[in-house]
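Have a look at these structures, which come just after this line.
Next, two complexes with chain A in common: one pairs it with chain B, the other with chain C.
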Partner chain A sequence: MTDPDYTQCAEDHQCLLVVVKPLGSISKGNFSCVFDKISSVEQATLQESHRATWIRYKQYYPPENNDWGDFQAHRRVVGLIAVAESCDSQELSQIFESFDGLRGEYGTSLYNWRMFVFGLTGEVVDQNRTDVDFVSDYEQLGGITRTVEEFTSSLFIVLESKRLDRASEKAGDKMPLLCVPFEKKDFVGLDTDSRNYRKRCQGRMRKHVGDLNLQAGLLHEALVNYHIAVETLRSINDFLWLAAALEGLCVASVVSHYGTTCRTTKARHQGASTQAEKEKRSRAGMQEVLIDPGSLTTNGIGGDPSLEIGRAKNCLSPDDIVEKYREAISFYGKYQQAAVIELEACIKAVRVLAVQKKRSEAADFLQNAIYIHVDVTEDERIQRYSVLSELYEQIGFRRKAAFFKRISAMQCVRAALPEPGWKACYELLLDTLQGYNLSLDNPQSSTESHHGWPAVQLRILHELVYSSQRMGNPALSVHHLTFLLHSMLDFLSEQEKKEVSQILEKYAANCRGHSTALEIREGLQVQPIALSKLPIIRSMKIINLPPNLRPVKLKSGDGLSTPISSSSPFIYSPIVVQQRREQRANQIDFQWVQGDVCEVQLMVYNPMPFELRVENMGLITSGVEFESLPAALSLPAESGLYPVTLVGVPKIPGPVTITGYHTEVFGIPSRCMLQNLSHCKVMCSTVDVVPALPLTQLTTSLPRCSGLIAPSTLGDVCCNVVVRLFNGETQKVSVQLENIGKQPVESIELDVTYSQQQRDSGTCRVTWDTQELQKLIPLQPGSLVDLTLSIHANFDFSNTDGSFTEMQDGEGIVRRNVSFLTLVTLYNPFFIPATWRKGDIVVTQVVRLSVRPSGHQHL
Partner chain B sequence: MGTFYFAIVGHHDNPVFEMEFASQNKTDTKEDYRHLNQFIAHAALDLVDEQMWTTNNMYLKMVDKFNEWFVSAFVTATLSYLHATHMRFVMLHDVRHEDGIKNFFNDVYELYIKFAMNPFYEPDTLIRSTAFERKAQFLGRKHLTA
Partner chain C sequence: MAVCVAVITKENYPLYISNIPAANELKFHYTVHTSLDVVEEKLSAVGKTASDLRELYLGLLYPTEDYKVYGYVANTKVKFVIVIDSSNTSFRDNEIRSMFRKLHTAYTDVMCNPFYTPGDPIRSKTFDNVISSMMMQVC
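Moving on to the complex of A and B:
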């Protein structure tokens, strides 16, 4: 016997097997429609009784399996339905011929047969074949259901008659010996009158009657018959049939304990098992269904309290079921030719045990099933391991399920195969990921809580990448390789890191990484992986504008320094709202200016042992529009903390929040959001952008000072010029002011800061003409104006202490200075004087002139 | 004698310690075998998890078999002050050697307890200690391949 049926479950013993075959030129789609319709008739009832029998439908069934129909009644094909499509009468005769041929294949086991022919209309319909139904088109499938119901009822009737025939045989009658195909030659020439032989016949027949009873829905009788058969066969050591009788006993007990709640609609195609079916199997039959006597499908006893007693007497307890199954399978194991039976029995037992939640026993049976040697084709082997894996999944052994799925995936692409099935391999490998604690949706990125066995996970991921590459889907292989690099970065050795990056670059050169959700298979989508570890961001800080470009809030005109945040009507209140220290520390107290280049500093770290090239690194922001200017950088191997400055230009005033950054590494673009990064410290990520302010430049034709440079107290940009004056002299200095920004300058304020000394002695005065100044504004962009400043020197030489220092050169000549150099420091040659009005608050920036004595002396 | 692959597995299926023992006549353990051993050991964890509740012993004897490899297991006891409860010791071997394996497990268990008592060792993390490795090697030679 070939072709183990992996979808069998214990309840199949109750079913009558009907084969549905396509004939002629019918298309696959149409045939499956019709098949679905036919299969919807799952039960057949008799008119008189309340009993029902179950029907199961198959599309492929090898006729040699039919020969085992004596051994186990559910293996025999009792009904044949053919579905054909035809357009003309010539084809029809061919179809009839093939139908008869089919019938011949299944020999005498058929109880009844039917054929549906689609597509023919009126004139050819007058056939005198009663077993053929002509249906004009595919819309009338409802009529088919009725026909099928009648058909199945007829099957049931035949079954009943056979059962009653057999049941009425007495123990003393001569009965034929039922055999399995490989036994036939063993019994040739045996003495048919010996006691042993007769007992054998009786035992086997009893078992067969039990089968028929089970199919007919008479559980009680079935149990009784099986018990008798077991005892008879055990006494003569007829192991094969004894095993079959034990199995029948187990099945009948399972049905009576769990009812038929374990039944699900079988998959249309042999061996396939859908997700929904798996769920149904695991949901249904969770607890033992206590049979309500009134709702039993058995007849003849129904409602009779003796049923309960009968049940208790003959039915096996759940533990006994396991025992008997174990015994049966060990007996099957003695017969090499019964390997398929043994395998199917193991699988059925495991399904029962899964319902009973007996995981270790189920694992035992499965372990046994692995080593049953069945001569199978390559496809079969793949299917076998897949089914094993599914069964392990059913009993909750995820790791074992993943293991066997992987084995079946490897079988798909064995070197010996002419055409390796890479797609199938890929699909199977995808299913194993869950068992290895990998989830494509959710890459783990921290070492502390890494789940799973890293070496095993790496291997599986590599295999996934390879199979997706061979399958011809480069986008998938890029995604999976990125996933590998990201989630297993900490577990790769240096050499592996190099290799994986090189391979990734090579793959990405062909197919760029995706930036939207990628569909791996139907119903499964994955988001692009954000490579947040290449490079690792340790901290992010928003940098203030350079000091000369910072906007400054002007105090409001009346001189009262009102706090910025006060909008209440109270002028003074003793209650001061305390802001928490860290909030204050975290808040940014500067603003950015629209249209100006603003910076954010990141401290990054390169974990790779080679130089990492990062392209297209920029900021992702939310809030107002912010144009981020990407940068490319190259980080040295295993660098320490490396500062990186990312710049951008805010386009619109308002609050800007830095939410993340994007990079392109090895050709893979990735967008990392700061909130997802646990290792990144961010002080504050929101900054206000004020509207554009004008930009001016101050130049002068005065000579620069090459010597002493005044210390700049505020860190401002400054330009030091030198003016030489004689005492009493007034010199006019011309300073050019150019508006190099895009906004007009609305007001200019000049403020001169004297050093302390100068203020006291009043030695130097700088004045300008305010009228002239007022005429200059508004200063349009691009225009250049002149400012004239008058510097007047007035030194009091009569005061000889302190201001002078006597200097002696080598000759001891005391020199006195007659003039002194005045260092005039013009602060902020680039500044932004302007007004920005927001209510009463005016923001501007001022230019400062600072005058200091030089202290130089010369004659 | 045989080849042995020993692993201590933590709570998240992560191997905390791995070591191979081979008798002198076996020349080298190829990389492929190492990978396959890891797969088999990982798959056997299901059975270890199942069987550890059926018995009071720490030593679980043989829990699984695949091709020529047998898998024996040992589960550490619950020690509340150590937080190193139910660490699973898994041994893959191709010859039956129950006594030797049992003694090896017991000795390694003692070694592991002493190591885990170090307050600086965080449970469920990789054991990086040359002393531990040397002792484990010694025990392997003594019980398994001697």
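Moving on to the complex of A and C:
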């Protein structure tokens, strides 16, 4: 016997085996339709009794296995159904020939046979073969069911007759010795009259009768027969058949304990065994079904309570089942040629134990099963390991199941194969991920403790990447490699980090990473991975606009001296409502302006041991439309916190919330949301954007001063110019005001700030013509106007202490000096937003002119 | 002679794995990883009967062709797994038990170190010495 049947379970022992084969030119789809229809007939009943027997259908069954039919009755093919399609009569005769040939293959074991021929209509129906049914087309499958039912009843009848034949043989009769194929030559020339020999014959025959009883549904009798057979064979040490009898005993007990509820779901999944086909059998949990004595009306024991006693007497308890199975398998182990039987017995035992939830014993059996050396072909190894892994899964040993699945995946793509099945390998590897505690959906962040074994997981991920690459799906391999890099970053050595990033770059050059959900296979989708560790963002802060560009809220137009908050009706209230500290700390009390370049500062850290190049780094925002201008940066290896500034331009006024950032590293784009990052500190991420404000620029033709005086307030953009005046002189200074923004300037206010000294002494006056000023507005974008300021110097020389020094020339003459005043004008030469009209609050940015003297005098 | 020793936390990830010979480490990773299934099974099985009188030594977990795998669970659910070469059949049960006891005391010493954070991989030289003495004692 060459190929083990991995799908067997203990209940198969009570089934009759029928082979269904396609003949002629029938197509696969049609044949599978017909096969399904035929397989739906699972039980055969007799008219007179209410017993039923079970049928199982197979599409492929090697004839050599038939020879073991004496050993175990369920291995013998008792029925043959052929399905053919034909269009004319020549083909028909060919089909008949092949049908007869098939029948011949299975020899004398067939009880009955049938053939269905599709596609022929009326003219050749008058064949004189009663075993052939002509069906005109595929729509009439209902008729087939009836025929199959009749067919199976006929099988049952033959079975019954055989059983009664055998059962009625007395102990003293001469009976033939049942043998297994490899035993046949052992018994040639043996003395046929010795007691030993006769006992052997009897024992084996008893066991065979037990088999037949089991198939016929007579559990009680089967149990009795098996018990007798066990006694007999044990006394003569006929180990192989003793083991078979023990197994039969176990099976009968299993059936009587648990019933056969799993038959229906299992039968539907039996089909041709293809390479690496994983049979996903979802069994309904088998519960222990107590057989109601009233319902079992076998002929001979008609529902009387003696059945219950009989059952208790002969049936094995669940623990005994395990014991006997163990014994049987150890006996099988003595015979090399019975390796396949042993393997199948192990698998059946494991299934039974899985139902009984005896997991460690089941694991023992499976462990044993691994080491049975069966000569299997390469293809079957894959199936073998898949089945092993499935059985482990049933017991609940997830890790072992994953291990064996991986082995079977490796078998799919062995070097010796002419055509390695990379796709099958990939599918199998995907299934192992759960056993290794890897989940493709959410890569773990580094702060949690890592679940699982890093070395093993790395290996699996590498294999996944390789197989998806060879499978020809580069998007998948890029995704998996990204996943590897992200979730295993802490566990990779330096060398490995470099290697993985290089490989990732190479793959990503061919196929960019995906940015939407990728479908790996049916029903399994993965989201793109956010590489939040490359680089690591430690904090994010929203930066205010530069001081010269900040919008300033003005009080409302009529300029009341007391500040009235527009929302409250109280003029004065002793209760001061204070905002809570932390709220205030978290809120941003500045605004951004629409159309201006606004900044966000991030502190980043590069964890890789080599220079990391980040391209296309920008902000992701929600709220109003915000155009983010991408930046590219290059971070040195393993360097500490770097400030990185990301800029953007808000396009529409309203609140803007920074929700994340996007980067492109190694060619993989990734979008990281700030709420998912646990290691990033964000003070506040929402900013209000105010509508666009006009921008103005002031220039002048006065000469610049070489940086004598520091600006008065920090952050003020200032430009120092010098004007030299004599005492009493008035000079007109021309200043150009240009609107370089996109909005018209609606009002201009000029305000002059004098330094303290000057205010006291009143030395200098800057005046301008307000009428002229009013004529300038509104200032359209792009237009340039002139503004004239007149500066008048008025120094009081009566107060001479300390404001200037006396200089003496060589003659010692103290002269009255003429002092010059240096006028320093500070203003913003760049952009000034001038008005912001929002409701009734008018905001104007002031142009500040600040005047200071320098105590500077020279001749 | 012990060829591989592993210490596993109760969340089932490894704190320490070392093996002799140093090659083929991945194979031992796999062996120990799959033996966790059997350990868990034994834990849950015994837990049903008597929860306080649980024996710490689990015994032979499963045999493979070349190796035998033994397990031991402490009361804090920290698991120790020792893989032994099958060619060395002279190992008796008592010897294995004594090996586990030594392992357990070495582990408690590591835990007592105030600078050691539970859950981190074990990087103590003393611990390494104890392990290597166990692994090379029959040489």
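Simple rule for what comes next: the second predicted complex is superposed on the first by the 778 of 859 C-alpha atoms of A that agree within 3 Å, B and C clash if a C-alpha of one lies under 4 Å from a C-alpha of the other, contacts with A are read in each partner's own complex, and residues count from 1 in each chain.
In this section, contacts are C-beta pairs under 8 Å (C-beta built on N, C-alpha and C of every residue); 3 or more make two chains touch, one makes a residue touch a chain.
This is a predicted model, so every value here is computed, not measured.
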item	value
Chain C versus chain B on the shared chain A, clash or fit after superposition	clash
Chain B versus chain C as contact partner of A:Arg359, first or second or both or neither	both
First (chain B), second (chain C), both or neither touched by A:Phe626	neither
Partner chain(s) touched by A:Phe96 [first = chain B, second = chain C, both, neither]	neither
Intersection of the chain A residues that touch chain B with those that touch chain C	359-360, 363, 367, 392, 397-400, 403, 436, 449-453, 455-456, 459
Footprint of chain B on chain A - complex, ascending	359-360, 363, 367, 392, 397-400, 402-403, 406, 436-437, 449-456, 459
Partner chain C, residues of chain A touching it in the complex	359-360, 363-364, 367, 371, 392, 396-400, 403, 436, 449-453, 455-456, 459
Residue ranges of chain B touching chain A (in the complex, touch as defined)	9, 12-15, 35, 38-40, 42-43, 45-47, 50-51, 54, 64-65
Complex contact set, residues of chain C against chain A	11-14, 25-26, 29-30, 33-34, 36-38, 41-42, 45, 62-63, 65, 119
